[in-house]
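So, here's a batch of structures to check.
Okay, so chain A shows up in both of these, paired with chain B first and chain C after.
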Partner chain A sequence: MSRFRRAARTATAFAGWLLGWAAWTLAALVVVFLVLDLLPGDAASARLGQNATPEALAQLRAQYGLDRPVLVRLGEWLRGLASGDLGNTLLSSAPIGPMVATALGRTAVLAAVAAIGIAILGWGGAILSGIRAGSPLDRVLSSTALAAICTPEFVVATVAVVVFSSALGWLPAVSLLPAGGGVLDRPQILVLPALSIAIVGSGTLMRLVRPIVAREAASAHVEAARLAGLAPSRVLVRHLLPGALAPAAQASAMLVPYLIGGTVVVERAFAYPGLGSLLVQAVANREPGLLMACGGIVIAVTVFAYRLADLSQTDRS
Partner chain B sequence: MASPLSRRPARRLLAASLATALLGLAACGAGPDTTPATTGASPVEGGTVRVAILGGQTDTLDVTKASSFLVYGVALNIYDSLVLVVDGKPELQLAESITPDAGATRWTIKIRDGVTFHDGSPVTADDVLSSLKYLGTAPNYGSMFADVDFDQATSDGKLTVTLALSKPRADLIESVLSQISVVFPAGTTDFSKPIGSGPFKVESYSAGTGAVLVRNDDYWGGAPKLERLEFIPIADATARMSAITGDQVDYATGVTPTGIETIQEGSGIVVQDPGAAESSAFEFMMNQAKAPFDDPEVREAFRLAIDREALVNVVFRGKGTVGNDVVGQGMVGYDDALKQRERDVEKAKQIFAAKGVTTLDALASEMTPGITDAAKLMAQQLKEAGVEVTIHEADPTTLFNDLSVVRANDLFSFYAINRAFAAHATMFLTDGAPGNYFGSQDEELTTLITQAQAQTDEAKRSELLNKAQELVWSNGTDAVWGFQPVLAAHTENLTGVRMTMSVPLFAQAAYQQ
Partner chain C sequence: MWLILLVGAVGFAFVGPLFATGSETAVAAGYLPPGEGGLLGTDGLGRDVWQRLAAGGAGLLLVAALATGVAMLVGISLGLVLTSRRPLARGVGFVVDLLLVVPSMLTMMVLVFGLGSGVPTMVLVMTVASVPFVARFTRAAALPVLRSDYVLAARLGGDGWPRVFVRDVLPNLAGPLLADAGTRFIGALYLVAAAGFLGFSPLGGDSDWATMVQAGLEGIRLNPWASLAPALAIAAVTVPANILVDRAMRKVTQ
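Right after this comes the complex of A and B.
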């Protein structure tokens, strides 16, 4: 009985958590929709460019339905969202749903590879630094991480291309997919973009996790284990890391939004046809539906990650 | 976002790093092209060309909805056009003849006999008329076809189409049909795997990864040598350059002057520079609707004060042609007799002083890279003539929504695609033309252009247009300072690639052995 009650309570809490996530995401989407509408320029002015005349603009806006009040368009978009219909692009009248899904799939693969890189470099660096805080190794690693954080992704990307593509010729400089094929048909195209994201991202993660490891390393129970003569690896795995895990996980969750932001920049530099490239195109063409779909995914994932980080904090206290 | 009318996206990317250009010397290993001397080399049958071209994930292959160059690149290689401008001159393709009646209000288009679409069905006049209607009623081409009355147009169902115009347009070929006249089967609405009658056929297309084209062995103009084309979308100009230097593609369109400076000697990559014929015209438009540029002498002073060569060297990094105040250089109908205007700061200074001109306001809106740099350099040059120019910057995406922003200024740093003068004049110069942003008025010029539009005798028409060009040169409102070519880079053993509307044509291209 009590087990049932506990399960029910967990389920309710989970449902509440999901509901909160959905509510926050929706609120953010509505704000974004309204803010986008305030920006100068729209799909009609983007399409007509210097051929814009007041009549042509008015005609195209009417054709695109952009002449209707913003709240009407918002309502229509929300209704579409609820029924799973993301609509079509205004300019090319291509369905947005499949377009975004394909791009999201490619981005997810890239982000996953980059995340593994970030985890290895970031956590590895943090542990090496944190367990011997103040040592020369710590100082070298910490300043390297700081340098990595301060370097824009496109600079890292350019350097990576110069070294691994132009000079060594090991990897392609541009991440081109085979015609009609997928990423896994040509996995080598993922290496340089993932590396560029991982270098910058792991710097941030390392700086976030290192103090947690250092604090834990200086704690009484770890000190006691060390004094008891346990092997350093055993101290690390059994005594130090368990205490660092929750706060470090929280720090890692905070990195998810970065992972998305970094992907946008890097995709463009490598001409990788993912969500980031699509988002840039949506902005350039002022495609409201496409922008909301791409932006919506970014927002949903970001809110999810932050709430996850919050959750682990609540659990801990 | 772009029709061939507005090459905005490409131009924006085309010279992405020009903003930091300081002193441009035309120093560069890769000279103004083109194909290497091919002594002893002979074209081989077959081969694939991978083409890096501006494209994106929202593209469909419908040219009336194109937002990037990939769509045009595919279209102009799979469809036949009635007529295309190549090397600055209209060239009949599917059309055998395009002839006006005496008043230039009724045009007869005769197409080649025996041409078939990729599915084997014959190309008829019905297909031609239906295609023209589809193009001419789309938002991005509508204004171009505005004088064509499609309700009165007829087809004989075989090889002849008659177009009725609402006013005389002797310039129909260069101003309208050679801008876009691709032909597809009547009634086509699904462009997911389009059918044409051109030298290549679509094998597959997927947004994001691009289009694969294969040779049309039955092409009426002779089967191409190349077996296969892959159009690969790459939005970023630097990435297109990396793709060609990294041997990931064989042909890259829309590369930047700074990009081609990175090509190393002996890398096997050459630059294709089509010159003014495939270029954008950069200019400063003068506001004739108010003082001081309502005075032709002050306009003359401004044209004498600017240093065109310095502008070309800095803004285009030397990769361009110096302008002479008339658009259409390198194109059919250009009056080569016009004397090149040289800089004369002293004379400019005298006129400005005598007219009491000490300050000017200029609008710069980065519609394409280089517009703002050009304005800033012009301001420095004008200072030497004793005039202080204040530059106002504006957001290019919304600039044309409200022309009062433009009209508040004396000068407008601007660019337009280089077109034949007759076409440019009707779009930008005559009274009430859509691109006559300042509302400048010139009755004599407008009359000359209207007369030329009604004149079907080629010699007489050309005389009228030359007169109009002289007028624009001596008295007009534009200071056209340079032409920036559309640059491409390709592997040196690829030859015979021709360019039109900024995209490559591969019908006659081949690898050399």
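Right after this comes the complex of A and C.
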């Protein structure tokens, strides 16, 4: 009985959590929609540019359906979202939904590979330098991370291309997809983009997690385990890491918004046909529907990560 | 040592435009490697990369500095408002928390979409992106000062809050706030450079370091320096700046 009740409570909490996530995402989306409408530039004025007469503007706005009240358009967009129809692009009338779905799949693969790299480099570096705070290794790793954090991803990407592609000829400089194939048919195109994201991201992660590991390493129970003569690896796995896990997971979730920016830039650097490239294209071509769709995914992921961070925090207390 | 590198890179960026008079004229064929076409070769349009490198840094740094200044001013003011417990301050606090959730890259995309990619847009992007951090930092640093005896004395002496903030609180926060401004400057440079690289340069044209990196990528096999030189120049500013700011930050928060 009590087990059933606990399961029910967990399910309710989970449902509430999901509901909160959806509500926050939706609220942020509505705000972005309204801000976009409030700003002076829209698809019509950007397309006509210098030679925009009021008549031509009005005509193009009517053609794009931008002349209707903003709340009507918002309602229409939300209805479309609920039924899975994200509309068409203005320029080529291509359906946005499938376009975004394909790009999202590719970006998800890239992000997954980059996340593995970040986890290994960032957590590994944090543990190596945190368990012996102040040691020469700690100082080297910490300054490397510090230098990596503030280097823009496209600088790392450029250096990586020159070294691994131009000089050594190991990897392609441009992420060309095989005709009709997916990213996984040519996995070598993932290496340099993922590496560029991982170098910058793992620096940030290491900076966030290192103090947590260092604090845990200096705590009384870890000290006691060490003095009891347990092997260092056993102390690390059984006594040190469990305490560091929750705050470190929270720190990892805080990384997500940085990674989104980095992915956009890196995709552009390698002409990787993912969500970031699509987002840049949406802004360059002034496609509001495309921007809303890509932005919606970005917001949904960010809010998800932040709420996850909140969750691990409440679990700890 | 880091200071020398930083001063050297920034000095180069500001002195460079004075002698880079021929940075926009084509001197040779496109993407010639170093040696055949000047010190660092030529870019895709046959322009001298060394000259363009000298000309392309100042604008980027100035926009980042301007954006930092505006963002700090707004952020500090909001941070001081947040020290109050009035309902208005709580409302401001809620908005600040909301902004924290939006990735700065998305803020940039939305604002460039609606406003175009000029210098004012970049300043606004930077302000929106960093105000939450500056405001929270200012609030945290100001609260202990506000509880001090001399603030109480000034209040009893009949000074209003604005006067107390300017005369008694801010001078005490100068160190931490300067260090924070350093962090924000690196963030601003990062954002401005990312914007230029994505094709939304706030300066227009193609003559800043970030846009040069992007433009040179297509010819990177022929003359890698067309991209590599401006990329390294950006790193030569951000890396030493970050290391110095980190040291300063540690000193003031101790």
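By our rule, the second predicted complex is superposed on the first by the 313 of 317 C-alpha atoms of A that agree within 3 Å, B and C clash if a C-alpha of one lies under 4 Å from a C-alpha of the other, contacts with A are read in each partner's own complex, and residues count from 1 in each chain.
The rule is simple: contacts are C-beta pairs under 8 Å (C-beta built on N, C-alpha and C of every residue); 3 or more make two chains touch, one makes a residue touch a chain.
Quick caveat: nothing in here was measured; it's all calculated off a predicted structure.
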item: Joint occupancy of chain A by chain B and chain C, clash or fit; value: clash
item: Touched partner set for A:93, first chain B, second chain C, both or neither; value: first
item: Contacts of A:48 with chain B and chain C, given as first, second, both or neither; value: first
item: Touched partner set for A:32, first chain B, second chain C, both or neither; value: second
item: Which of chain B and chain C A:177 touches, first, second, both or neither; value: first
item: First (chain B), second (chain C), both or neither touched by A:60; value: first
item: Which superposed partner A:302 touches (first chain B, second chain C, both, neither); value: second
item: Touching partner for A:229 - first (chain B), second (chain C), both, neither; value: neither
item: First (chain B), second (chain C), both or neither touched by A:69; value: neither
item: First (chain B), second (chain C), both or neither touched by A:261; value: second
item: Of the stretches 19-27, 91-99, 127-135 or 235-243 belonging to chain C, the one that collides with chain B; value: 19-27
item: Residues on chain A lying within both footprints (that of chain B and that of chain C); value: 40-41, 161, 165-166, 173, 268-269, 280, 282, 284, 286
item: Of chain A, residues touching chain C in the complex; value: 24, 28, 32, 35-36, 38-42, 143, 146-147, 149-155, 158-159, 161-162, 165-166, 173, 257-258, 260-261, 264-265, 268-269, 279-280, 282-284, 286, 288, 291, 295, 298-299, 302-303, 306
item: Residues on chain A engaged by chain B in the complex (per definition of touch); value: 40-41, 45-53, 56-57, 59-60, 63, 89, 91-94, 99, 102-103, 106, 161, 165-166, 172-174, 176-181, 268-271, 273, 277-278, 280-282, 284-287, 290
item: Residues of chain B touching chain A in the complex; value: 1-3, 5-6, 8-9, 52, 56-60, 62, 65-67, 139-140, 142-143, 204, 206-212, 230, 232-236, 238-240, 242-243, 245-246, 248-249, 367, 395, 397-398, 400-401, 416, 434-435
item: Footprint of chain A on chain C - complex, ascending; value: 98, 101-106, 109-116, 186, 190, 193-194, 197-200, 210, 213-214, 217, 220-221, 224, 227-228, 231-232, 234-235, 238-239, 241-243, 246
